[in-house]
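Heads up, there are several structures right after this.
In the two complexes that follow, chain A is the common piece, with chain B as its partner first and chain C second.
Then we have the complex of A and B:
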């Protein structure tokens, strides 16, 4: 009798436990993001997540600021290998191959349950999906995306006798404009350079733009082949190097990514190429009227996409993955994608996000924010390969060697191509 | 320090001594330049970042902005707890291990000591994944303990203290033993006091290392309540939106101030201890 009672009691207890577990089943998930853009943007992310939690009381999101882009990648890989991955993380678009090779991310297709889900994923601009697709699957949701834009100082244009409303439209005009815009003082020192493009942090990104304008790509879409030594790429790098070495209209040597916009804002460079992500900052800081346009062309127009996507981790528990997918859908919904773009300056990645009332009002007040959209027809995917960090290193070193004049473009790119082929050999079948 | 450079052995006459002094100042200036720039940008508004003007208005605004950009008070506390824990544990573990290696004979001593030395050759970053897995299996991810755990013992500390303990004359040890002191008492009354300069030098090196350590703390922690200062500083690295050097400088100055003050206070002992270690 006693035994039976005890059995019943434990049964009851067990039932009670299951019930209470089910009723308080709040899914908690970690979301790593590298928004390396200072305090305000962190607050925007936190605010959006707060609204998501309000709409989904059964989900709790721990938004974890995870350092710079490379640090976020190490943190995610470390946690994944230890079997404790976050449910979702924001990592650069070009990390896709690395993440697939490491087998740590789950394809987004697995979570598309309804027609509405599918329509949502189909709503992104194709250009921003190229870096998410591999092997017939979609691996990432576009989040903080950017492209390169061409900025100029209207006051400097006026001083040089140029029409301040029209920027250079092709390579020849870049040289012509920049020659007029390069100003020297009495002793022959340059006080204002005609044009600048950054050559640290992501030199390959800038070269990719010049190559695209010259009708070439740096690599194919399988992530296993590079075309560094193609004559069009050599010409593109030669053009970049010539601006400093032959025409003497660009600051010679390597130009720091972070000081490039600074030089522009301080009036030491009249025209610069930099990310669209810097537009809001430049607009707010510049003491002179600025002009912004899409990248000048050569044989054709062309510019790469850049920035980061949201990835769902393969080894996270299923209920966390489902919750993460909900969060991704929320953050990249029409309304939020548009709000995110307005508040941060990142490019809105959905066609419908450009049509919201908020976006229309914003574009009316700040038309320059629409320039990146004009570039959509000319966008190419960001150069990405397997083992991308090492391949990037090879091409970045080559670019810098040419810009400082220690190697010829042909020689440097040939060596980089050989190095890349060696790194990519294991992936080529 | 300058006097030390212009020692009577090197400078035989006034001219060469003056030359050396000038040289020393030049080198010191070169070394201090980045630091001076940080101080300059931290106390001036953005337009003076690249324009030098002696009478530029001094502002504390950068410090205010930096302080409010991240919960620095909490980060200071976390860093403080981290280095206290690491240093306390390192001192105890290294002292005991070094004492055993220096003064006792036991089977496998040489092999064990070599194993300790092998650790000196391995970068802690190479073990990050393994360490993370250990921390995760102990349920310690996102705690201050996890940040310190891989550093609680230090091969460098054991090696340094063993070398120091080996130089202590056997007579002192014997004298204490005759007085009836046990092994622990001998350690505390004879060896530790004699190794004091080495302890100070090692302590400063260890504290500054953990004060500056970034990658492991960043990887193993997730929340404001556990993260140290270095992670807080990361908030300012923003290549997309342009870099505000003034605020970065102010934050860097603020977070390194305790270390700088500590070094200035202990400078004499710090330099002396290394010099003495060299003489031995």
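Then we have the complex of A and C:
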């Protein structure tokens, strides 16, 4: 089968070669990128690529929209196995170990030639570099990054007799506020829940925040150890489950990722946790004034980073890799990083990107966009391990089992820890 | 000479179909079988023969058992419901009632929509408190329910969506069969004084059996084959309450990238489907009356 495929691939390749032979002086490269949030991302990317090509007439970039995050990973891995990877791709930060294990990405360090290159790489916020570093090397360039934020409905606060300008600052206040904000109709049906956090798609991401606020991590920096059954993590999950089961201020059962902001916009949930990536959409859609702040703390403040980075593929031809590095440097330059953040709602990943004139003018007009920066001192790396999708599934299943009440937090997390240890065993030596 | 040409011609005619079938059905099936006996190659680590190791770990894999159980419930729930509903719909739109072409269109409409679109529509239907179903039920004083977020109702919700999507398609086959039925049968039965239920039970239903077999095979295959709505509606959650076998295979193969274990799981699915096909063609087929 592989031989047949290879034969077909080389046949196709030969056809393309004859076509592109005419413009052989030009380096042509494929760039895969996903779209994971709303908004005209494709148009923004194409516009930026166009400007890059104008500045570098010897490089031609084929920007390929490659679906969602998991689809992009699938396509890149499949293309790499067939020996024809794109030169560069945007994939989630937590996929780094998978990509290293599959031996398909090249370390960024290989392309740092000048002092200027090194200064550029050093200019990223450290929090957004944590998920790029492994084994003393840097494997990715931060691109579309996000974090969790806490949103509230100011009208609902007024109606409940709370100060609409101040959100809850700690877990106890979340419970107190949410109790006041949970509204029932005459027959006892809840018409507005006090607080909500999503528990599908990436429940581990939300739990990671609660755990960080309780002083714990879900895993270590080597990507080979998880701490699911640590008492602090159990407490964090217990707190989350209690909001629904004990205090009855959160919608019971599992809360769909996409429904959560909709509930908020429909006035069915007064306070929600969701990604900073939803900020622009919520601001534009909400029919009521919204409040946004960094995540409330418990023992301390804490929130995870999320989102995607740019990876350069190991098996792409050297001249394509060089061109891809140029493109990465262009897309993550001070000006472009700030423009990207303003247009998409992703967090600007460089300190200097927050200081451009465009960004300053934008923040004056829309100060809430600056909230995610206030969270920088409290950010923790996104939980990522070898075989990350499988480990994630173990912890996600545990979280959901606890939230629907079929297992206790301790029991579920212990099982997830055992499962994770089994999965990670081959990587521990 | 004439004799040998006689033998060659059919083979040449069969060749294109045979090549396609072998290349895209039989060869992959055999390779799946072979791959399920090897450990996954990763980076520089080569594939290694591990025998039945994947099958042994399958026995200890609770998610596999959960997905197998869910698949059985899913098939047992959706297949008879889809058959019954489509038969009923066909009989309704075959009778001489007003606006029946409009009814036919309504019943057939879900079929022409892509499953992804259907699932997104139902995602809204199932939304707690302000979704269509909860809004409707609240008229009768029911409390709001988190349909997709509750392990007791998640799988059932998926099944309802699938039945809604499929019944209209199967209705077309029943409608065609009903229209081919000789009207003298109904006249003769009416003369003999047979009631409508008796006529259905003793005449219509047996004559529809070949169609039912066809529909049943398709419904069963679809129940194992369609997972688009699972991805949109629940992603197998909460806590694997709605993970069906093919969705689990998809997760293992294209999320975890453990294609070796996914091959072993695929073999299980293959054996189940082969078994079902044997029962249907080998046993049921003989009991059905064809004209």
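What we mean here is this: the second predicted complex is superposed on the first by the 402 of 429 C-alpha atoms of A that agree within 3 Å, B and C clash if a C-alpha of one lies under 4 Å from a C-alpha of the other, contacts with A are read in each partner's own complex, and residues count from 1 in each chain.
What we mean here is this: a residue touches a chain if its C-beta (ideal position, glycine included) is under 8 Å from a C-beta of that chain, and two chains touch if they have at least 3 such contacts.
Computed from a prediction, not measured in an experiment: that's the story for all the values here.
Once the two complexes are overlaid through chain A, chain B and chain C clash, as defined at the top of the document. Using the contact criterion defined above for the overlaid structures, shared-chain residue A:224 touches neither chain B nor chain C, since it reaches no partner.
By the touch criterion defined above, A:208 lies against neither chain B nor chain C after alignment on the C-alpha atoms of chain A.
When the two structures are aligned on the shared chain, A:74 is found in touch with chain B and with chain C. In the superposition on chain A, A:84 makes contact with chain B only, not with chain C.
When the shared chain is aligned, chain C comes close enough to touch A:101, but chain B does not. By the touch criterion defined above, A:308 reaches neither chain B nor chain C. Shared-chain residue A:266: touches chain B and chain C both. Of the two partner chains, neither chain B nor chain C is touched by A:182. In the superposition on chain A, the residues of chain A contacting both chain B and chain C are 74, 77, 201, 258-259, 262, 266.
By the touch rule above, chain A contacts chain C in their complex via residues 1, 4, 70, 74, 77, 98, 101-103, 187, 189-191, 199-201, 251-256, 258-259, 262, 266, 268, 387, 389-390, 393, 396-398, 400-401, 403-404, 406-407.
Residues of chain C touching chain A in their complex: 23, 27-28, 31, 42-44, 63, 123, 127-130, 138, 141, 143-144, 146, 148-151, 234-235, 237-240, 251, 254-258.
On chain A, the positions that touch chain B within their shared complex are 30, 36-39, 41-42, 62, 64-68, 71, 74-75, 77-79, 81-84, 146, 201, 257-259, 261-262, 265-266, 275, 277-278, 280-282, 285, 345. The part of chain B that touches chain A in the complex is made up of residues 49-50, 68-70, 128-129, 132-133, 135-136, 141, 214-215, 218-219, 222-223, 231, 234-244.
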